[in-house]
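After this come two complexes, each holding chain A, first together with chain B and then together with chain C.
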Partner chain A sequence: MEALRAKVAQLLKEKAISGFLGLKLEHGHPSPFLFTGEEGLDLLVVSDTRFPLTKLLQRLTSKYPEEKFGVMVRGCDERSLIELHKDNQVNLEHLVTVGVACSQELAQRCGCKVPYPSQFEVGEPATGVEGGGELESIEGMAEDERFNFWMEQFGKCIKCYGCRNSCPLCYCSECTLEDSFLVPPGETPPKAPIFHLIRAFHTVGRCIDCGLCEEACPVGIPLRTIYKKLGQVVSELFGYSPGKEVEGRSPLSFLGEKPFKEQG
Partner chain B sequence: MRVLAHARGSITKTVIQKGQNQFNPIIIGFLCTWCSYAGADQAGVSRREYPPNILPIRVMCSGRISPHHILKAFQMGADGVLVAGCHLGECHYIRGNYMTAKRIPVVKELLSFMGLSPQRLGLTWVSASEGDRFAAVVREFTEQIRELGPSPLRGVS
Partner chain C sequence: MNYRTVLTTCVYCGCGCGLYLEVLDDELVGTLPCKTHPINEGGLCIKGWSAHEFVTSEKRLRRPLVKKDGHFVEVDWGEAMGRAAAGLGKIKEERGPQSLALLSSAKCTNEENFLLMKFARGVLGTNNIDHCARLCHASTVAGLAQAFGSGAMTNSTPEIEEADCILVTGSNTTEAHPLIASRILRAKEKGAKLIVVDPRGIQLSSYADIHVRQRLGTDVAWINGVMNIIISEGWHDKDFIERRTEGFEELEKKVKEHTPERAEQITGISQVDLRRIAETYAKAERASIIYAMGITQHTTGTDNVLSLCNLALLTGNVGKRGSGVNPLRGQNNVQGACDMGCLPNLLSGYQSIASDELRGKFEVEWGVKLPKEPGLTVVEMMEAAAGGRIKGMFILGENPLLSDPDINHVREALQRLDLLVVLDIFLTETAELADVVLPGVSFAEKDGTFTATDRRVQRVRKAIEPLGEARPDWQIICELAQAMGGEGFQYKSPEEVFGEIARLTPIYAGITYPRIEERGVQWPCRSEEDPGTEFMHEKEFSRGLGKFTAVDFREPAELADEDYPLMLTTGRSAFQFHTGSLSRKSPSLRRELDEAYLEMNPLDAGELGVPEGEAVKVSSREG
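And now, the complex of A and B:
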């Protein structure tokens, strides 16, 4: 923690950044905060509480494109930054990241394969957690059983938009989930499965599997499992893993020079 | 979105074939105007027979068909959706159908994971001169959907 504070203090002092987006401990709760001066940095903390910091950063940088910001990044935050960069939503060259390796406990809770960013100032790298969670049991179901399972799950939705709001990669100013033709307003639960499938399709080739959506969902719909499944599909069909490398483009983000796969 | 409003109109008029007890599926066909729709026209002009279950919706390019359209069609109770475009390399907009070729397999996987048979979604390439092929594809696809039976989403909303 001290290492982080010292690093941020130095960056701010040298005016390498105009502000640092991290977590501030207030009334015992860590929450996102933009530190702009050296004072107050004693409240800058590292905690197992997660927020879509990079999503906030995207808002910030689009509002103040001239300023250079620093941001605390965990493994998943860094992966989301890479995808945001490819979508021209942030500019990695215009950012200073300060890495934090997650605790083993958090890695376990997140079911995280790579619980640390490429470089980090704080923490020790924890061992990655393998396995797809509920994925296998859902895949093992018979088709009609699976249909009923999802319809029941989606029937719980209270349309709070928490999944979208917590997603580091949902940055659109106009959201399809609010399109009145596809998702009629004033209906709860929203039409199933379309509401959830629209969102699912929007994660294709972009979802970095941080699990914030599922963590945010107040009714416990296993949303991440759907996006995880699509992640596997994208990896199998196109050999692309979101958030892994700055090079390469997400397969559905361009028309392409050649078709990937022909299907009849 | 107008195309879907159109689909809504057609889809409520269930296909009725008198004197037949077999299941008559509702199939939405998204056809690109330059090849597949022209192919359908060709089938008509050359008097090829195919089942009337398909409700064709003409779009400018198969790449214009968003997964949203497909999902909406299923949500509205379509038993099958057939997407048809120009053969690869022949798209009027050069590479529009490459996007189609990338998207559809992913949508299929998504449907399958949701417990909807991926066979309910078809992708095919039909050129403007392939009237015979269009008729054959539609016959085959309709048969396939007939065998699958009504979509579990029928009557959901």
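And now, the complex of A and C:
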């Protein structure tokens, strides 16, 4: 924690950044805050509570495109920044990331493969969690059973949009989930499975598997399992893992030389 | 450049979710769920996620308004306050305090409700103060108080997921209280049995182990029928009844008359289903009853509530974790508005105005004589205004023109007044009829506390400065009271008001702002050492013994006949709230649902030849 505070204090003092987006412990709860001066840094904390900091960062960078910001990043946050950079939503050159390695407990809770960013100031790298979580057991179901499972899960949805609102990669100014021709407005649960499948398809080639969507879901729909499956397919077909490398673009964001897979 | 998040409590329903208002360069830009909050644990419904949207609506009132020659004119605060104070003073002088009436607001803070109650009783000298709880859960307050001695949700929201059986009736929980519904679904996934008794198929009923549809208004009959089965099978908790209750013999006698055959005949629920409900509920270790308007908004609302209390007492399902009788209160602070004594017969903490001792305590603290006779309820006020007996009204953040039954009657009543003063943040349908409109502020612009449906007193924190010339409601009430010569209204902050609430209100006595800094405290909390009360009536009921009340089935006051062949009942949508005063100013909510709609059984619709989406004209005996 002290290492983080010292690092941020130095960045602010040297004017390397105009502000640092991190977590502030106030009223007993950690929450996002932009630290702009050295005073108040004693409230800057590292915590197992996660917020979509890189999503909130976009509010700041779009209002102040010329300013440089610092941001606290975990492994997942860093992956989201890489993907956002490729989509021209943030400019990595205008950002200074300060890395935090997650605790083993948090890594376990998140089922995170790489629970640390490429460089970090705080924490010890925890062991990554392998496996697809619930995915294996769901894939083991017979087709009817699997369909019923998902329809029952989607039937719980209260259409809060929390999955979208928490997703660091959901940045569209017009959201297809609000297209009244595809999803009739004003219904709970929203039309199933179309509502959830639209969102699933829009995560393809972008989802960095942070799981913030599931954390925000009040009714516990295992959304990440679907996105994970799609991630596997993208990885197998195109050899692409969102957020992994700054080079290369998501296969669905451009038409390459061979946009279609050869038959046979 | 500044960006911060301000922890506060949601302003929509009574769940009491913790959320952060995002403030960028002193402007509200978004809402985030509090991830570590005991109620919502990082989730929110769509209303919560968009709670910031209405705050900065261009329709917000930014300056005081006074009606001149039938039109509103913007005036300065001095003129508006002068007119309100002089007008109320004149009516009090010439017609007496009983010709004045006040409506308080279940959207405002505890501090504001308490101050309005103090202003009504201590300055205007009338007990004519009430609020919209009269039209929703007044029957709950009456029924639960009679049976248990306290009129509030017995257990806590987080405990719901510890239940083995949940009986949901008259609550469309996923729509009206989404973050409580999430607990019900979680309990179900952990293996609890879910029983839904509702005339309609609702989202929860597709997850229910038992879903039955009663004929509208026959709740007492099905509950009596279920109790008949429980008693004749010997599934009741004899030990609990013996030790903790009174009145069982009368109940037993009455319930014997309500055979399953008779219950089936009245309610339309088959005897087989009644039996399944009886067995599932009675045999559960921890059974929780959850209800809302579908139980209370009837002419027999109190009977319905008493019947649910009987059922819980009969099976010993009250006074332990994960059980209880749990009314879900509709507004963010309707629990608090009741707690603060914005009721014609009760002071804060449900202390009777008729009691010389209790009233005397307030008289000493405030240094004034208080009226002893109970005042008028909302419904009686409107009656009295229409009849010319009420001449002046003060309405705080409430829209009776839409929320009361029989709006033509309410409009006539309000139009007959010599003076109507409305304090609100929007020019509501009610405010349009006012002589003076005072611009208050939203939850984002003031400090205070709200009390959630599970008696949890939580902080509301100011995130931005008041818009335009609007002022925090608590300050406006204090200024008006002082303009009318009221003493003891010089508070520096809502915290100071809260201190007075705690001094005068035993169930709040141990609660202070520092204690609820991180997490709310649930009343009753009688001292600084008292941790508060997660679930009530553990060792004994607030009234000592739990009281059974033998209840007879009565038909609703209005039944279908040849001229009016269909029955209409109310419902809820997750996307709009109350009269829409707030939610209709929110773009995200309007995009989902912008107008009210009516649902009809496809068979009725077919007979009438009404296709889906068609406009229909609805008329009742009232108009």
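Assume the second predicted complex is superposed on the first by the 260 of 264 C-alpha atoms of A that agree within 3 Å, B and C clash if a C-alpha of one lies under 4 Å from a C-alpha of the other, contacts with A are read in each partner's own complex, and residues count from 1 in each chain.
Just so we're on the same page, contacts are C-beta pairs under 8 Å (C-beta built on N, C-alpha and C of every residue); 3 or more make two chains touch, one makes a residue touch a chain.
As the structure is a computational prediction, the values presented were derived from the model and not from experiment.
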{"item": "Superposition on chain A - do chain B and chain C clash or fit", "value": "fit"}
{"item": "Contacts of A:L92 with chain B and chain C, given as first, second, both or neither", "value": "neither"}
{"item": "Partner chain(s) touched by A:E143 [first = chain B, second = chain C, both, neither]", "value": "first"}
{"item": "Touching partner for A:A6 - first (chain B), second (chain C), both, neither", "value": "neither"}
{"item": "First, second, both or neither for A:A16, with chain B first and chain C second", "value": "neither"}
{"item": "Contacts of A:F238 with chain B and chain C, given as first, second, both or neither", "value": "first"}
{"item": "First (chain B), second (chain C), both or neither touched by A:V246", "value": "neither"}
{"item": "Chain B versus chain C as contact partner of A:R50, first or second or both or neither", "value": "second"}
{"item": "Superposition-derived minimum Cα distance between chain C and chain B (Å)", "value": "13"}
{"item": "Partner chain A, residues of chain C touching it in the complex", "value": "1-5, 7, 18, 20, 22, 24-25, 29-30, 32-37, 40, 42-46, 48-49, 174-175, 178-179, 181-182, 185-186, 189, 203, 206-207, 459, 517-519, 573-575, 588, 591-593"}
{"item": "Of chain B, residues touching chain A in the complex", "value": "1, 4-5, 63, 67-68, 71-72, 74-75, 88, 95-99, 101-110, 112-117, 122-124, 152-153, 156-157"}
{"item": "Touching residues on chain A, where the partner in the complex is chain B", "value": "138-139, 141, 143-151, 176, 181-182, 191-194, 197-198, 200-201, 204, 226, 229-230, 233-234, 237-238, 251-252, 255-264"}
{"item": "Residue ranges of chain A touching chain C (in the complex, touch as defined)", "value": "18-19, 21, 24, 26-34, 36, 49-51, 56, 59-60, 63-64, 67, 155-156, 158-162, 165, 178, 185-186, 188-189, 215-220"}
